[in-house]
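See below for the structure under consideration.
Chain IDs A, B, C and D follow the sequence of writing; residue 1 opens each chain.
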Amino acid sequence: DAPLVVAGKEYKSRLIIGTGKYESYALNAEAARASGAEIVTVAVRRVNLTDPSQPKLTDFLDPEEFTYLPNTAGCFTAEDAVRTLRLAREAGGWKLVKLEVLGDQKTLYPDMRETLRAAELLISEGFEIMVYCSDDPIMARELEQIGCCAIMPLGAPIGSGLGIQNPVGIRIIKENANVPVIVDAGVGTASDAAIAMELGCDGVLMNTAIAEARDPVRMARAMKHAVEAGRDAYLAGRMPKKRYADPSSPLAGLI
Amino acid sequence: DAPLVVAGKEYKSRLIIGTGKYESYALNAEAARASGAEIVTVAVRRVNLTDPSQPKLTDFLDPEEFTYLPNTAGCFTAEDAVRTLRLAREAGGWKLVKLEVLGDQKTLYPDMRETLRAAELLISEGFEIMVYCSDDPIMARELEQIGCCAIMPLGAPIGSGLGIQNPVGIRIIKENANVPVIVDAGVGTASDAAIAMELGCDGVLMNTAIAEARDPVRMARAMKHAVEAGRDAYLAGRMPKKRYADPSSPLAGLI
Amino acid sequence: DAPLVVAGKEYKSRLIIGTGKYESYALNAEAARASGAEIVTVAVRRVNLTDPSQPKLTDFLDPEEFTYLPNTAGCFTAEDAVRTLRLAREAGGWKLVKLEVLGDQKTLYPDMRETLRAAELLISEGFEIMVYCSDDPIMARELEQIGCCAIMPLGAPIGSGLGIQNPVGIRIIKENANVPVIVDAGVGTASDAAIAMELGCDGVLMNTAIAEARDPVRMARAMKHAVEAGRDAYLAGRMPKKRYADPSSPLAGLI
Amino acid sequence: DAPLVVAGKEYKSRLIIGTGKYESYALNAEAARASGAEIVTVAVRRVNLTDPSQPKLTDFLDPEEFTYLPNTAGCFTAEDAVRTLRLAREAGGWKLVKLEVLGDQKTLYPDMRETLRAAELLISEGFEIMVYCSDDPIMARELEQIGCCAIMPLGAPIGSGLGIQNPVGIRIIKENANVPVIVDAGVGTASDAAIAMELGCDGVLMNTAIAEARDPVRMARAMKHAVEAGRDAYLAGRMPKKRYADPSSPLAGLI
């Protein structure tokens, strides 16, 4: 398998994990290592990256070891998101970012018009934008056309753990895309991640499924294997489904 | 995780694979190694295990390396199955066997009454019986009571690749069982195997999903990871499903 | 559409309803009328059919208007079931009966071996047996061969409302059968009943889905329409599923 | 049940049907009557409504009997759609219209930005807009805020017959909406229509599922009943789903 390439950089892992909801930075770091992820996404507005008087995430997850992907969680307008990411660039020099502009607090669905506005502005300022979006193929195409470097449709509402709700939309987005398509949000357990990859997606991003498992480190390892399994199954080309049984062994035997 | 224990022997892998439908014994062996399986099941009535003038499966899959699990594929009566397994014991000394007594050629569903009859007789003769069965919890309980060492309900018709059709029945069988429950038949792709394991099952047996993939060796590797992923996800305790979104980051941020 | 024919008698309705869990006989009767059912099934061991000092179901649901179908709910052995139905015949002259022999209290799955034993005995005594069974096509075939007049596979555990869990098994049972196949147990809402009928089944039996709805009478009417809808959809021959969109109107228009 | 109210007018039927793909206007009319629909939608760019030298749909479906709902099928820009509907108003006086602005020919997904633009313009010109849209709750909210009189999210790609792919998105749209929500596109068979209604939607629009059934008139009747069934099931309040069985009859009987 070729590596995942995002914004010109290669990654062996196709799993991106979050840094919210963990009991401690130490547990987060342990889960990150178990997951095999090379990219971790960080809410700029929440995670302490710079205050030296408090525990810092970077003390646990070395930015030399992991690609930090700042995100705009909690931003509900293009302006908020743009301001947040400019701060991130000033603070840490981050250029590759995950844009999410949310539409409301109950569904945490993206506001696609604000997302498009913010993406255009940020791209014009030299950011590399991985973009959280709805599962609408037309919007996904538009985001690619304005220069986003990865399309990240939700599989189900953020934090819901409902699994991939709209495989048809996700599949169509992937078939049309020339940049990586990474399912972002909705995964609840390992098979959900495998299903996302079996649709042909290039990667999966998740947070709650690992952070809120009873044993986050073990679930992180499960997700690592699930993503690899789904990817390999996609590349291997699955058997056709059949209406009836088909014997593994010819029914007329040797004996 | 504790190892899988069947008939007193420990296995690290929870994946059992078949030996039908492969283009060659060599490809079968390569897939077996990629899958990490330690048990391979062999149709006694079909696979050449003993004729020295023909290629022998044992030349490719060393019985020292893999546990051979003779099966009764193609048997439609208890008598057929019993005779076949007695032959297997004479020929190769196999005592641990997989019993399947089929009900018809179109569905390849087990004939549960014949299966029970055959199992009782074989157990009285000292065989260790892993038993292919329907997803009926009452029948599964009966099979355990008469002494079968593993219960192997179908997930969908043999060779159909339809995925786990009856998760409720499988889950109930597992909750009630004191011997390993191994889903046998129905897996089509990696996520199906993960789902079987997430139900709490102790293992998965498959043949067609690997043998009829476009790239059997890669699919074998996918299945290895899918089974590990599903097992770990089960043990890790998945997050609850939620009707609405749940933010990874508190919506009131630092900035 | 031809009528449903069971044991030589024609019915216009393909919905059979139960008589358990209702708040009152009056509500039960109102729901029965709203459902359009012509057959109601009655637990011989529970429902008062004969004690004149207590309210009697027959005062609310006239046996001249509804076919009473005595059932053996609560029987866990063939002997129990046979004794119960002999009593029913003595008390009310009922010959057409629904046999259920349960395997355990937690799953209420049928014990298929006891069911077969009871069915054979009852048929030899002249009963017409509609039989609750697992979704195992081989068992269903056996029940038909010994003379049952309707095969009634469960769609999901009794009272669970989980919907049709194993459409593949049910479809295969129906394709093979020469007597009516009636899904018994598992329906939770209207679409579940429609799905059962779209598989080609001849009818649906339900109790809890109506009795435990917030408004049982309205749900009874919903089920009446759902069964008719599913039947008509099956007979009408549905459109094929397509991977992509297909315009209702040619894209080159008139203007 | 209260009637469906769209743009101030009451309808008893919650099913809207299309007028494409039928073999003849006569068959279309017969199906329309069997469906009980009171609204039929008509592609302005395709259906002959005014040329007296050709068969006219209005000769078969009397505009006094059915509400004609002109639609913009085949329009890929806001300008196209607006021009088409202005023509419709001139030709037939239609003010209540269905707006669809498509994003591409393969998926027939709506282009939501063009849709919003067209909707705003048309509303400012006094049209009543029922609007085909994606299943994105934020877009749906926006369409309601600018004054659309009905929100019509797709259940699956137009003409695909895949059934309701994203029940979570549809449910959330409905929970947030103060105008009718009508699932438009994706229904393949009767149970799909029932499922849409069970989510709480106010209606369903379909074309291919009826027009391409083997027997369109019978399927139209199936859909009539399915919509009624799903609506009643929603209003009746379904039973909760349970993990295990729950006996219809107490297991300790009278006898």
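Here is the rule we use: a contact is a pair of C-beta atoms (placed from the backbone, for glycine too) under 8 Å apart; a residue touches a chain by one contact, two chains touch by 3 or more.
Quick caveat: nothing in here was measured; it's all calculated off a predicted structure.
Farthest chain from subunit D, judged by C-alpha centroids: B. Look at the contact of subunit C with subunit D and you find the same residues on each copy: over half of the numbers used there are shared.
As a whole-number value, the distance joining the C-alpha centres of subunit C and subunit D reads 33 Å. A separation of 46 Å divides the Cα centre of subunit A from that of subunit C. The multi-chain contact residues of subunit A, meaning those touching 2 or more other chains, are 106-107, 109, 157, 160, 162, 172, 244.
Remark: subunit D residues 18, 20-21, 43-48, 73-74, 84, 87, 105-109, 157-162, 188-191, 193-195, 198, 207-209, 211-216, 218-219, 221-226, 228-233, 235-255 touch subunit C in the complex. If you check the complex, the residues on subunit C that touch subunit B are 103-104, 106-107, 109-113, 116, 134-139, 141-142, 156-157, 160, 162, 165-169, 172.
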